[in-house]
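Shared chain: subunit A. Partners: subunit B in the first complex, subunit C in the second.
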Partner chain A sequence: MMLSEETRDGVLILRCHEPRIDASHAPAFREEVIRRIEGGPGLVVLDLSEVTFVDSSGLGAIVSCLKRLGPRGNMAIAGARGAVMRLFTLTRMDKIFSLHDTAEAAVARLNG
Partner chain B sequence: MALLTLNVDGELNQVAPIAVAVRGACAPFLDEEGLDAVELAVVEAATNVIRHGYGGRPGGRLSVSVEQVPDGVAVDLVDHAEPMPPRLLEAAEMPLPGDPDHVAGLAESGWGLALIRLSMDEVSYRPGPDGNWLRMIKRRA
Partner chain C sequence: MNIRRTLVALTAFLGMALLFTVGTQINDQLARYDQAQRLAASNAVRERLAVASQALGEERAATFLALAGASTSDLSEVRRRVNEASAATQRAIAEAQAAIDAAETGAAVERSAANLARVRQEADAAPPSPDGDRHRIAFEWFETVSDIVSGLQSLRLTLLAREQANEPEIAHEAALRSYANLLIEHLSRNRALLAFGLEAPSLGDKFLDAAERNEGRAELALRLLRDQPIATLGTEIRAFVDEVNIHHAVVFDPAQRSIIAGLRRGEALMVPAGWASTADQMIALTSRLQSRLFESSRARLAEEVAEARRAVTSWAILLGLGVCAVGAALLVVRQRVAQPLERLRDVMLQLADGDLSVALPYGERRDEIGAMSDTLRVFKANAIRRKRLQDETLQLHAKLHDAYGQLRRDLEAAAVIQASLLPRPGGTGAVAFDALFQPSHFIAGDTYNVVDLPSGRAGFFQLDVAGHGAPAALVSVASHHTLTQALLQRWRNESLAELAERLNRDWPEGLPYCTMILGEIDVATGRGTLVQAGHPSPLLVGRDGAVVALGTGGLPFGMLPDADFEETPFEMRAGDRLLIYSDGLVEAENAHGECFSDDRLVDLVRDLVGQPTPALIGGIGKALRAWRGSAELDDDVSVLVLQHPSRGGTA
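Entry: the complex of A and B
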């Protein structure tokens, strides 16, 4: 169990407690996110504030989860910093995901 | 003299320990951003060898060493897997991000080699009968 969840203003907040989302964790991470978003409101904040490292496999898993939400859903990222933020910028995935300092800001954006 | 030499099984669960050890060996020579870049490049390179070179089969080995070079560090990765096609790494470009309004078409992979190249200052790859040798150099900012 690497995630905990909370619903706020109709948005599902998933907080990742695994500090590294790399090739060895990405499949389990993806499965757990998808299990938690199935049947949910379709608006999801992925809170990465406890995550210190994500590699391209982890990023692929995050993109895969976004795709699973479908055209009516949306996912925003909260708490990405340092190496994690740098990965989003380098891969230009900051053009795909909206990135926010806090889960509260990300929730507000998804409801805006 | 090498600052670090490791020889490990080519298994995905070895990648994080390798990356943490390499980061530690490089710590006296680079700032945090430089260390983040080296860590990412090492993870991407090692994962690539394990996934694509060894094709996920057990029994492969991976050697990693770190040495000081003028103004920075060199990280060497040696494997005995199927080599990468020539110039694949040296020519790797970051793929376009895709269209945020059509998420179904977004790619879920394809960033690894470009991340290695963008993270390091110099990357060279030499396949050979005694192993495939990847050298990645990171200089002090």
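Entry: the complex of A and C
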């Protein structure tokens, strides 16, 4: 169990407690996120405030979760910082996700 | 000391103890048997001696009376009886020789016989007329023969003293016989003397004194006979003793006393024939007692001999049984206990040595040995099962080893193929370049290429497929080919960004995405553009040490089909180098989990800026290994360095 979840204002907040989302964790991370968003409201905030490192496999897993939500759903990222934020910047993830400092901000954005 | 020796020693010890006990008994019984035989032999000789003494006493009387003229009886009969008794004595001595040493007795009897023969001749040679000479010869005869009789009696007593019986009955009987013999001798003497006295009443006091001495001795013998403890000897013998006593007291002694008294007075009160019959009767009674005693002793001794023989036989049989029992016990201990234990021990040792083919003995036995064998059977079955499992595991290991070897060979071959796709470093084409290429595991998701384009420009790319290993490597190889072909066959007015977008759109769904730098450079002017698709920003390294990161990022390639890509222009001057690298370089972690990082790379490049490109590449590889602490990598690393084409200063 690398995730904990919380629903706030109709938005599912998934908090990742695994500090590294790399090749060895990415498949399990993807499985778990998909399991938790399956049949949900479609609005998801992924809180990465505890994550210090994401590699290309981890990034692929996060993007595939967004794809899984489909056109009706939306996903925002909260708490990305340091190396994670640099990776998101380098790969222009801001074009795909909205990036926020806090989960609250992300929830507000998704409901806004 | 092992169990076998202990058991055998214990059994042998018990056996020895048993045999020793039985052997001691046999020895005792043999001694008893020997003693009984000696007593019997001695007894037989003594009996013959007594008979001979008595016969000699009769001959003495007959001859004495004949010489004295008191009788005219024929002597040949009494002499024959004496000779017979003497011969019988010699035979008995010869027979006894096996049991006792009777040689001396035999010699003495021999001498007596010779002595007797001599005095017989003297008697026969006596002058026929009844005068003084003839009387003298008669008395000499009487004395000599009495000495011979005494000699025979002392022989008897010597034998008796030597072979004394322990049993009181036999000892008493022997004593009784001695006294009876003594009694007979003195009765016999007086029978002769007094018969002669009745014929010739004027013989004088000296003669009568002798007769009275004889009477006294006979009475002494009789008293001794009477005083013996005869209660245990049986009623018959007691009756005989009583009869002898009564006859002596009532008939014989009064007659004897009255004759002696009459003769002292010079008158004969009784006829010689009457005295002779009285004395003979008394002698016969005593003789019967003696015979009966001999019979009884013979029977007792024969019984003793037989009993001793029976005892010896019994103990000998017991000894035989004991030997058999000890032998059987040793055999059982050896065959049923010691030997099976040793065999089971050997089998256990063989099993312990891993010899599972060993056959288990004694399985059919229903005792402890059989139980041990059954237990061993379980051990063996378990060992066989374990061995089989072990063999299977080993086979599995071998298969895994083979499979791994095959996989490794495949990967090594694939790595060779992948490496052969990469352009050869150097400057053969429009642009010079050098590269570092380090797959994390044989084959890489990274790849790069530098191609001369028809337009006279040089195209290049570096690509990093997400993930690593075989799937990433396959995508990488396919992408290498696709990109190379796309660069070579680009549409006339298509920009690099348009090319990237076209290829991105055609990217098959389900393949991993990749990050990429795709660029081209005009060899003549040094101007170029590049598309950055999620890949780390390339470094433009000036010959003066200035390092500039080109581009600010971009969406990865193959992630979203409708992605837009931007172009970043750049210009290389003489001596400038363009360094393109994959994230595996800056994300390589040291032992503390710390990333190598962009900043360290920039510093390193600045430090190495004076070096030619191969040395720069080598320096980066060396720094990476130092950072990692080993040559092993978690992610593929590739570094491509392009050198300004025409006016290369330091390359």
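What we mean here is this: the second predicted complex is superposed on the first by the 112 of 112 C-alpha atoms of A that agree within 3 Å, B and C clash if a C-alpha of one lies under 4 Å from a C-alpha of the other, contacts with A are read in each partner's own complex, and residues count from 1 in each chain.
FYI, a contact is a pair of C-beta atoms (placed from the backbone, for glycine too) under 8 Å apart; a residue touches a chain by one contact, two chains touch by 3 or more.
Please read these numbers as outputs of a predicted model, since none were measured by experiment.
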Please tell me, clash or fit, for subunit B and subunit C sharing subunit A in the overlay.
clash
Just to be sure I read the superposition right, which of the two partners does A:55 touch: subunit B = first, subunit C = second, or both, or neither?
both
Most subunit A residues touched (candidates subunit B, subunit C)
B
By the touch definition at the top of the document, which applies to A:7: first (subunit B), second (subunit C), both, or neither?
neither
If you stack the two complexes on chain A, which partner ends up touching A:111: first (subunit B), second (subunit C), both, or neither?
neither
So in the superposed three-chain picture, is A:71 touching just subunit B, just subunit C, both, or none of them (first/second/both/neither)?
first
Tell me which partner A:102 touches in the superposition: subunit B (first), subunit C (second), both or neither.
neither
Applying the touch criterion given at the start, work out whether A:82 contacts subunit B, subunit C, both or neither, answering first, second, both or neither.
first
Who does A:92 touch here: subunit B (first), subunit C (second), both, or neither?
both
Subunit C region in steric overlap with subunit B, selected from 45-53, 171-179, 315-323 or 621-629
621-629
Using the superposition on chain A as set up above, list the residues of subunit A that contact both subunit B and subunit C.
23, 53, 55-57, 59-60, 63, 83, 90-92, 95-96
Touching residues on subunit C, where the partner in the complex is subunit A:
464, 466-468, 512-513, 515, 534-537, 552-556, 559-560, 583, 587, 595, 635
Subunit A-facing residues of subunit B, complex
12-13, 15-16, 19, 32-33, 36-37, 39-40, 43-44, 47, 50-51, 94, 96-98, 100, 103-104, 106-109, 111-112, 115, 118-119
Residue positions on subunit A within touch of subunit C in the complex are 23, 53, 55-57, 59-60, 63, 83, 89-92, 95-96
Per the touch rule above, subunit A residues touching subunit B in the complex are 20, 22-24, 53, 55-57, 59-61, 63-64, 66-67, 69-71, 82-83, 86-87, 90-93, 95-96
